[in-house]
Amino acid sequence: MNIRIVARRLLFFVLVVWAASTIVFFIPRLSPRNAIRERFGELARTGGFSPADVEKLIASMQQQFGLDKPLLEQYWQYLGNILRMDFGYSLSRYPMTVTDVIAQSLPWTIGLLLVTTVISFVLGTILGAVAAWPKAPGWLRSTATPFILLTGVPPVIMGILLLFFIGFRLKWLPLGGAYSVGIVPTWSWSFFIDLMEHQILPALSLILGSVGGWVLSMRGMGITIQGEDYVNFAEHKGLTGRRIFRDYYLRNALLPQVTGLALALGTVVTSAVVVEGLFGLPGIGTALNLAIRANDFPVIYGIVLFITIAIALLMTLLEFVYPLLDPRIRAN
Amino acid sequence: MTLRYLRRNKGLAIGIAIILALALFTIIGLLVIDPKKAYPLSAALKQPPSLKYPFGTDFFGRDLLAAMVVGMWQTAFIGLLAGGIGTAVGVVLGFLAAYFGGWVDGTIRTICQILTPIPVLLIQVVVAGSLDKRDVTIVTMAMIVAMLAWMGPTLVIRAQVLTMKERQFVAVAKLSGVSDLGIIFKEILPNLLPFIAAAFVGQVFGAVFASFYLAVLGLGPLREPLLGNIIWAAQSQGAFFNGWWWWPLEPAFAMILILGALALVNMGLDELANPRVRRTE
Amino acid sequence: LGQTGAPPPTEIVPQSLPEVARNETLNLAWGVSASSSIGTTNPWVLPGYTHQEGNNLLFEPLMYFGIYKNEFIPWLADSMEYTKDDFTALEIKLNPMAKWSDGEPVTAEDVVYTFEGQKQYETLPYHAQFADLVDTISAKDEHTVEVTFKQPAPRFKFEVLTEKFDTGIPIVPKHWLEKQEDPTKAPGLAEMPHSGPYDIVAWNANQKILDLRDDWWAVEAGRVEKPAVKRVIVVNILNQPIDTVAQRLVNNEFDSSVDMRAQIIGNILQQNPDIQSWTGTESPYGYLDWWPNSLWMNDQLEPYSDVRVRKAISLAVNRDLINEVLYEGAEIATIYPFPLYPNLQTFADSPEVKAEQEKYNPGAYDLDESAKLMEEAGFTKNGDGLWEKDGKTLDATIQAFESIHGDIAPVLSEMLRQAGFDSNVNFGTDAYQNMVDGKAGLYLFGHGASLFDPFEALNLFHGRYSEAIGSSAGNNRFSRYKNPEFDAILDEIAPLGSDDPKFISGAAKALGIYWRDVIDVPVIQWLHRIPYNNHYWTNWPSATNVGMGTNGAFWAHTGMLVITGLKASGN
Amino acid sequence: MSENLLEIRKVSKVYQRGLLSSKATVALKQFSLTLKEDEPTILTVAGESGSGKTTLAMLLLGFITATTGEILYRGKNIAGLVGKERMAYRREVQAVFQDPFAVFNPFYTVDHLLTVPIRQFKLAKSRADGVRRMEEALTAVGLRPEDVLGRFPHQLSGGQRQRINVARALLLKPRLLIADEPVSMVDASLRANILESLRNLHRDHGVSIIYITHDLTTAYHVADDIVVLYKGDVVEKGDVESVIRNPQHSYTRLLVDSIPWPDLNKKWGEPLKPRETV
Amino acid sequence: MSASQPVLRVNNLEVTYYTDLGRAKALDSVSFSLKAGQKLGMVGESGSGKSTLALAMMRMIKPPGRIEGGEVIVGDTDLMSLNDEGMRAARLDKIAYIPQGAMNSLNPVMRIGAQMMDAVKSHVRGERGSAIEDRCTAALRSVDLDPGVFRMYAHELSGGMKQRVCIAIGILLRPSVIIADEPTSALDVVTQRQVMETINRVQAEINAAVILIGHDMGLMAQAVDQVAVMYAGRLVEMSSVREMFTDPKHPYSQALISSLPNLDTKGVFRGIPGLAPSLLRLPSGCAFHPRCPHGHEGLQRSVRPEPVTLPGGRMVACHLYNEDGHRHE
């Protein structure tokens, strides 16, 4: 691959990050609200703060967060900080930094989201491929239908329903938390089982609704590919159905599907905001949700930016991986 | 012809049927029901579904039947407004980019591509969160949702216009002395109607979903009986635990119906717009 | 990563954790929205509000206050006395047995260091009091501290030095803090020595585990018996929906939790007979907090500056309906700006107050009268049935806080709407700021003032605190009310003891003015409805078992006394 | 000396592949050609795939601009035409394209193809006049108007569709018609009909035709003159009879040799005999 | 098998497409036979059923189409009676198909070699990888391709090369019947000729029967021994190429031949009048009668002509010829 292309893709990546940071920086600052004051309001309102001179405290915090400088200066400083992956301090969990907050919640999110995304991607892709494959047995092809119907169910609602029916009513699975109360994480089998038990419902809430999307895109792709002459010719060659399915059909249809994967991450994270909260999981979603409630803007922006960067990075990586998968692109 | 097509495209048919049924429910409801009943303290409290209150009432004394009617209407309003704006902006930009090419195209395309990886819902949350709460109304809600929703349609329409533009009937129209505008509106646009319709339905789906999401996070216009708001209120009052199951379940199922129907229609329109998909049936 | 400033706190990860049986463990469900900075035990780090999540088991004050017994509970200090009649000097004598968890004794030096720190660091919550009032701080000997004041400070001992509810200051260890580069930024983690009964052994986003230590000074000093609870787990419920938390309580997963809304706790008690509340299994399930809520009004802002409008709003509030809708018939609605704690109840029942109440009838609900007043004030009803003047409806948006006013605010707003006020609720995070800046006209907020006599509550409305709109109102001084007549009464009773008859008649007159002028509209008493699970632990505080007299919240400063007082149920 | 209808002066077209790429395709090199106003002719441009035939057509129609050189229509550079002159050029230089399906807008009935130019160029005095002209043109190419009008393109056969295209050209009575592979996508059995229509257009209305094809069989039958392109270069030109029967350039010879003549006596590789009699 | 024994016999093959608009009988009792080494050209208008015939012989008709009857006997196996697995094994091994659109018939993301190897592996068990590879490179060589093509991807090849790869795949297992559906229609004349010559050569090499589908009569004249003419789903005439060009029997064939441009008749055009019928609304009786110069009356309108064999083995289906193969007058 030539250097120019690499450079262009990297430039694109930088542009995405820049655009996201700029939006995230300016939008909230267009409103006349003052996050630090509001934050102290949250503390003061329960009477928790004694009648101290809150204003002084606020002024001192403003300075600490650099909010007393002119907007443009703040902006340059902010861009510089982002370059160093430094999103500043969390307002509500001071003296934790945003990076700490993200680092602490990330493992949970990666654990949950990545696994569910991969499961729903794999499941959806296979079901979608099968649904579009005329030679598959009818019952197998129709297994995709319920998932397609479930695409209309937002993960939040799915989570609420699962929690109600399986958690409250049937009492089959724990109602929340990342693992049982009082257990400390260890590298043991029993901890793993306990952990998994707690992840099933949140995972299902995310998976059930999203499989359908993959089914649909794969089905559409599959139908297109199926009409391709090379699939027909493969059949003329007398290949077995399995081999055609795998080498000629699945493999070709998969390529565009993979692009969707990076983009899906954005949607999935958003779903996680509510689902993690619903089940009391301490992931990025919960961190974001809590930050929204506490108006902890450095954390909000940090997380939004972090996710954007992650997606952009994934997309950029895919651009480099793509040619390895598709020789046609390699040629150009 | 259309009917025969609908019989084959079952998803589209079912989707349209559900939407029509919901629309009917809403329209008849708005005619028959006093919309005031959709607001707190207008009915007995916490009543399970009964003859008097077919859908029950909630903790705050809303008649949930009225709330569902008004909420459905508001949800539809947000969806149509935001979807309409997103699609309209997308169509205009898509046409501009594809038809005039050059730097216009370069700029529009680059902006779209740069904005695409940014998780829209999160940005919407940031925007909704930094708005003054008093400014959050049904309309601002639609605007927030529409704000970052035009990139998808823009890219789709652009791609379609680009292929359309290369189609020979455009060349022939030029030879027939048709102007640029004539070509855009009379030759290309009509052929893109299925795509525009599909984009529109997709946008409406996205808008309904996003507004629902914002409401569930407590960022919606609070007093309004938006479906997301009702679920949010039920959640924060511990409705399930207190045995008021009908309160969250009704808006949840309404939401599922709306989104499901939109998904089906979208799928069906895809099939219509993309004859390759049609080929299997 | 190139960060400067505070070292980041980190999770506390145990090497190995000894087994502690469930029936020796106390599981508490708690979730302060995001404000826990994991690993931060140092009480000087702001805005960590961490005493609520178990850090109240680490750091102790000079004295606690038992609100239901109306008495000070000596703790690190054996005594704390004003040595001058004009309240300008105070002497503190420490318990000689008090010691830190690292074996060092708690000395007068530690107290002086704690006080000097408040004086020195702007970010500490009592900085203003120390800076404004305190003149000198000195250690007279190893166990004696003397504080002198620049002006009389009769309430300093109670307000600042004593821990009750969420206020008061904990004493910090000088020998550790002074070694830190910046004592207001050192997270503390598990290393910071503390005087309380528990050690932090594990802390991550899911939970915080504290284990009892054997050498707690207070047992040796005879303050209390050795605690039965071997381990406290503060479970972070993050923002799980409240019904899930309730269900987990019912399942005996938790022994206690955050406070609940009336309906939910009622259902919890029904579903698990082991669980009780402050009032047993009876409504209203909770104990009185010091924070009765009013519909505050910005008395300087048009049209709320017109007393007729304020009265009209007051007349639109249907307190009976509030009791019925939100509190299952429990009498929560109030007409007082202070909590009816024993002494205050006596005051409220006094004939002087009764006479004023008769005169102004502050709890009345009368829409016709309300409408009449509005018309008098020049308003007319528009097509939507909303009050309007000069073509603009009256903006009656109520600023409130979703997590605590989620039930009442919409109901109030709807009541106003039914009386023709264009009302809405703003649950935004800007709500508080709008009150402080005086931008908004209506807000739901508490009066964190009076505990013992009505003075502090009435003093909130003293003209000297009445800031102009735009400049920020001092804490709880949001009504911006100014009335020389009212001020004169307050100034007159200020130096008087609270059982002085002159104080009572003066205070009653002031309360009368409060009602007459509708400075704000008192709405509800604030209750803490905390579920207590007797399955593993008994001897929870309740109306019939006041124990040391503290309130029953395990997260308040006094929560340490609640937890160390628990007894095993034998299950 | 008669006036030149069309004069192509040393036109080259270079396609740049993307902005950053250094690769460029020279699709047409220094191409020159002159058509006389009063001597209407049929000129074949032949060559293998990718030799630049379509590029030439697009240049002549003004859809793309030449990299170097200029194209003069009635003595004026077509790149500089404005207003009335441009309208006239638009009308007088018309085309018939290769794909008889793609030229129809699938949204409209086939009438659209004919009504639009009538409207745009104001060819008819009234609606009825327009309809009459349409019917005339259709009849002239051997279609019955009632068979085709009001139908959608997919309801017609390829041959019918292509004949409507010719009818469109007829309706406009252009001075110059560019036919880019007009029969290569039409059934062999229908080719004859379409070529016949084109010939009639030339013969009856004096239209000059540039007939672009890779099929030398039909070229031989239709054209007067021929230009053979190879990778953008003109390798041979002259009257069609002599070029095909007696190719000079080796590429032309290869091309001629490869023609599958539907003639059992003329097998691949055998040289063509000079024509016996005319 | 004796030399004169036909290697391929198609009997009464019938295919119907069940479309939205009705049933379209795309093949209507088509019968013919072919001997080893023979080349048959199958011509006819677009939509006359040529590809359908090829696909039906491969048993690759997809819904909404259905094979409704008939036999396809290769050697002595009736393909129609095989089970699915048997048919799969027969493809490429007994009967190979070279597709119409070679441009897109190769998987763009697999190397050519892999696509050849998997074809062999699906039919031959227990052959070593290197042996299969040798077999493949030999096939490439026999279609005049460099063995290096084995490691290339489709996009690296020109149209003619791709077409030849398809041919190479077709002959990998030396089938007894090869069907090539318009193998050259997308190629320019020079390449077209090369490809046709390649087909000729490999056919000679493996002595297969070849069916060449196309509508270019010129190509047929150059390349085949026998010509079969299809019209509206039926075989209307089949005879040797010489007879077809010199003395076509069926009026449609006659029109077809006379519409051809000829070296000696410059500037004379004669098309076939009228339109190809839609399979959904076939004219009654003889499908060609509305376009037939020999009248539209009686028998032609009402009765479908059955194929008759004329002396010399030619076959024609037309009312002009009676059972003995003589022309009615």
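Just so it is clear, A, B, C, D and E label the chains in written order, and each chain counts residues from 1 on its own.
The definition used in the following text is that a residue touches a chain if its C-beta (ideal position, glycine included) is under 8 Å from a C-beta of that chain, and two chains touch if they have at least 3 such contacts.
Predicted model only: the values in this text are computed from it and were never measured.
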Longest centre-to-centre distance from chain B, chain (CA-based): E
Most contacted chain pair (by C-beta pair count): A-C
Centre-to-centre distance between chain E and chain B (centres being mean Cα positions), rounded to whole Å: 52
Averaged-CA centre spacing for the pair chain C and chain B, given as whole angstrom: 45
Centroid distance [mean C-alpha coordinates] between chain D and chain B, Å: 49
Approximate Å spacing (C-alpha centroids) for the pair chain A, chain E: 55
Shared-contact residues (touching 2 or more other chains) in chain D: none
Contacts with two or more other chains, residues of chain E listed in rising order: none
Residues of chain B touching at least two other chains: 129, 132, 235, 240-241
Chain A-touching residues of chain B, taken from the complex the two chains share: 110, 113-123, 125-127, 129-132, 209, 212-213, 216-217, 219, 231, 235, 240-241, 245, 248, 252, 255-264, 267, 270, 274, 276-277, 279-280
Contact set on chain C toward chain A in their complex: 1-3, 5-11, 13-14, 17, 22, 25, 27, 33-38, 40, 45-49, 122-123, 125-129, 159-160, 165-167, 185, 187, 202, 204-207, 209, 231, 233, 235-241, 243-244, 247-248, 251, 253-254, 290-291, 401, 403-404, 429-433, 435-436, 445-446, 448, 472, 474-476
Contact set on chain B toward chain D in their complex: 167-169, 171-178, 187, 190-191
Chain A residues within the chain E interface of the complex: 134, 228-230, 232-240, 243, 247-248, 251-252, 255, 325-328, 331
Residue numbers on chain B that touch chain C, as the complex places them: 39-41, 45, 59-61, 129, 132-134, 218, 222-223, 233, 235-243
